[in-house]
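Alright, structures below, take your time with them.
In the two complexes that follow, chain A is the common piece, with chain B as its partner first and chain C second.
Presenting the complex of A and B:
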């Protein structure tokens, strides 16, 4: 890939979208933080051995992250078909590969910590609300409701993952931290796309805000419930559990969807 | 299977494709490369190049829709991850061939109308047959249609075009060489992954074989249209003749001198090569090749 154009912000709006939604732009964005990495972390970084209870907790959260990323992968790939134009199709294709990478690095981390059959383990440890969230997201994609689906995928799901991964990365072992930090960088780009795409549509057709509000109400409930289920599985004291939910709601509000 | 699928991982793709053969390219070619002046200056040749490139965009849009549409119905995580890389490969192909249309002078505002005007209806039918399987979430038929039939066709067509453009148009040849490398990986996945699935679902064979026959027919009809009405043939010969003075090598492909072939001979060479490849690849995955009617 060649040098990126010096200032994309100097472009007219149409050319700007064409540039920032391109394969070329994606590659320049990820090259800096993925170059030289193996399965999402520097190959010479090795975490200290985990105590049995720590390992058990990590496996539970990684399994649930895999469900979230599978939802994101299937959601983003399904959105390609209903994307309204060439630029958004290409951007979503870059998102598809990002989500595929996230799933792959998380599965790899599971095998790193000794899980020999990750797919079976994921099924065993899946939280009910997260599975319900995935089903609902894919239903929105299936019904070809572009605004509702992109809102569920690139605002709600991405904000949920962003919040959880960023919070977890602060206290995670070294390898998991690098893996999560790399994912968080992608999530920022995906949320930016959702915010931009919906922002422009809301300006033109403000009445869709009410419909998105309904979707948010329904999905927020599942997001917060999945936080609760996961934190309970991790034995986090009840008093500390609401903090993650508050953080998630703040992130969504910052994107303009309070 | 896990070991085999690691060859198709996102990690492997990142290292071999964007960080490998695409490094230091711009829309798939070397930075700064341009379409030849002789091509841009000749309206007949330019129009023909636009027509050919439109078919590439149509084919790649179909491949993008099919590969992304198959992710959700893939039976395991590793196949989902591979199809994620293929989705982005196909989006890149759409992007680089669309960019070629702009380079050839198609105004951005007229992109969709140009594609609509010039898209070969037989190629559109070919795409529809495949996308119907994808829409029905038929993973096995979808992968055979996409990664064996469509990609197998694209691979051979691109190779022939590459041979024809290496000396005439290095920019386009370089764009093609990256897509050929991608198609090789896609065909490899199709052959390797789908054989086991066909053994698991033998009842699917007749339907998939019918699909192959139908797609092959529309492919041959597309080739027929493309080669049987080529007013720019003489122009292209003159262009090559003007280059041969500067020592340009012959455009050879499968032992044939492409410049010396008549359009009909070229059509037969391409069709026979693609169909022969289909036969071999389908045999490898346990399907019996079905001979299509000749349009």
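Presenting the complex of A and C:
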């Protein structure tokens, strides 16, 4: 059967983009890793009870992940209206679904570990820098600044979440690990979409580079600060923390930002 | 004729027939079933790549082809939607560069 399947590398670029931006592609992709799961993990996987200090750290971290995911959910849904073409609109609709799922599984994990009022807990434990980032992202969406909003959301936020979630998953309890690994699989599409969309735009309209450079200067440190705090809270050794910055710096370097 | 030995080797390689590969599904589950055999998980810097494989620089998944890869080939990373071109890295290995 597998030898009958089409050679993906033989597709022409337009057909490739049409395929990967489609709801059809999204559905058959997520089916592979979400089918049979309950709230982002296999139903028969149960974590060992957490020590009080471990639980405390996990709650703080999950609360801040919820803020990032809410920012992406609100951002992506607003971006559907200003997306430049139908393929992009369809892709962003799939991202909205992904972000809604992320928020739901993270909230569920909070209740799993005994948080009775997750919304209030998130308010209480939110880092200021992440809230500020969320506010600015939504302003960019509201002012219909497509490139800046995609840069903030699908490059800055998604690239850093991709690294933080992977790093956290390596040491997390079993349930949290499965939840995060599932989210990382979705994030691959989101950050790839952001980098490629902006890469194409920058190639066609190089004059937007200066404006995006300003957005980068204003916003990337907010997310970086917040996630560095997260990694400290998770007791990730200092030697492994530069990885967070490195991945993000590789992305912006490919896009031509020093 | 070029005096650059690397370029000479590249040109010589171009003339030789390419090795073909039968791709098996390795359990990579992030793309629709019909495309799964073209990708596998990357196990980190120690992961030895076959002549038909390159790592996607965007999302760090191993991209696989049914034929031996050579400089200039176009490959796609479906998990992150990137179009890539195969190039020769400074250390002599093949790498994939994003083509926007």
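In the analysis below, the second predicted complex is superposed on the first by the 219 of 258 C-alpha atoms of A that agree within 3 Å, B and C clash if a C-alpha of one lies under 4 Å from a C-alpha of the other, contacts with A are read in each partner's own complex, and residues count from 1 in each chain.
Keep in mind that, in the parts below, contacts are C-beta pairs under 8 Å (C-beta built on N, C-alpha and C of every residue); 3 or more make two chains touch, one makes a residue touch a chain.
Only a predicted model underlies this, so the values are computations on that prediction, with no experimental measurement involved.
Look at A:104: by the touch rule set out above, it reaches chain B but stays clear of chain C. In the superposed model, A:81 makes contact with chain B only, not with chain C. Once the two complexes are laid over each other on the shared chain, residue contacts for A:73 go to chain B alone; chain C is not touched.
Contacts of A:94 after superposition: chain B is touched, whereas chain C is not reached. Judged by the touch definition given at the top, the superposed model places A:158 against neither chain B nor chain C.
Contacts of A:191 after superposition on the shared chain: chain C is touched, whereas chain B is not.
When the two complexes are superposed on chain A, the residues of chain A that touch both chain B and chain C are 2-3, 31. Those residues of chain A that touch chain B in the complex are listed here as 1-3, 14, 22-24, 26-27, 31, 34-35, 38-39, 66, 70, 73-74, 77-78, 80-81, 86, 89-90, 92-94, 96-97, 99-101, 103-104, 107, 118-119, 138.
Within the complex formed with chain A, the residues of chain C that make contact are 22-25, 29-38, 57-59, 61, 65-66, 73-83, 98, 100. Looking at the complex, you find that chain B touches chain A at residues 9-11, 13-14, 18-19, 22-27, 31, 64-65, 68-69, 71-72, 76-77, 80-81, 83-85, 87-88, 90-92, 94-95, 98, 108, 111. On the chain A side of its complex with chain C, the touching residues are 2-3, 5-9, 11, 13, 16-17, 19-21, 25, 28-29, 31-33, 162, 185, 188-189, 191-193, 195-196, 199-200, 202-203, 250-251, 254.
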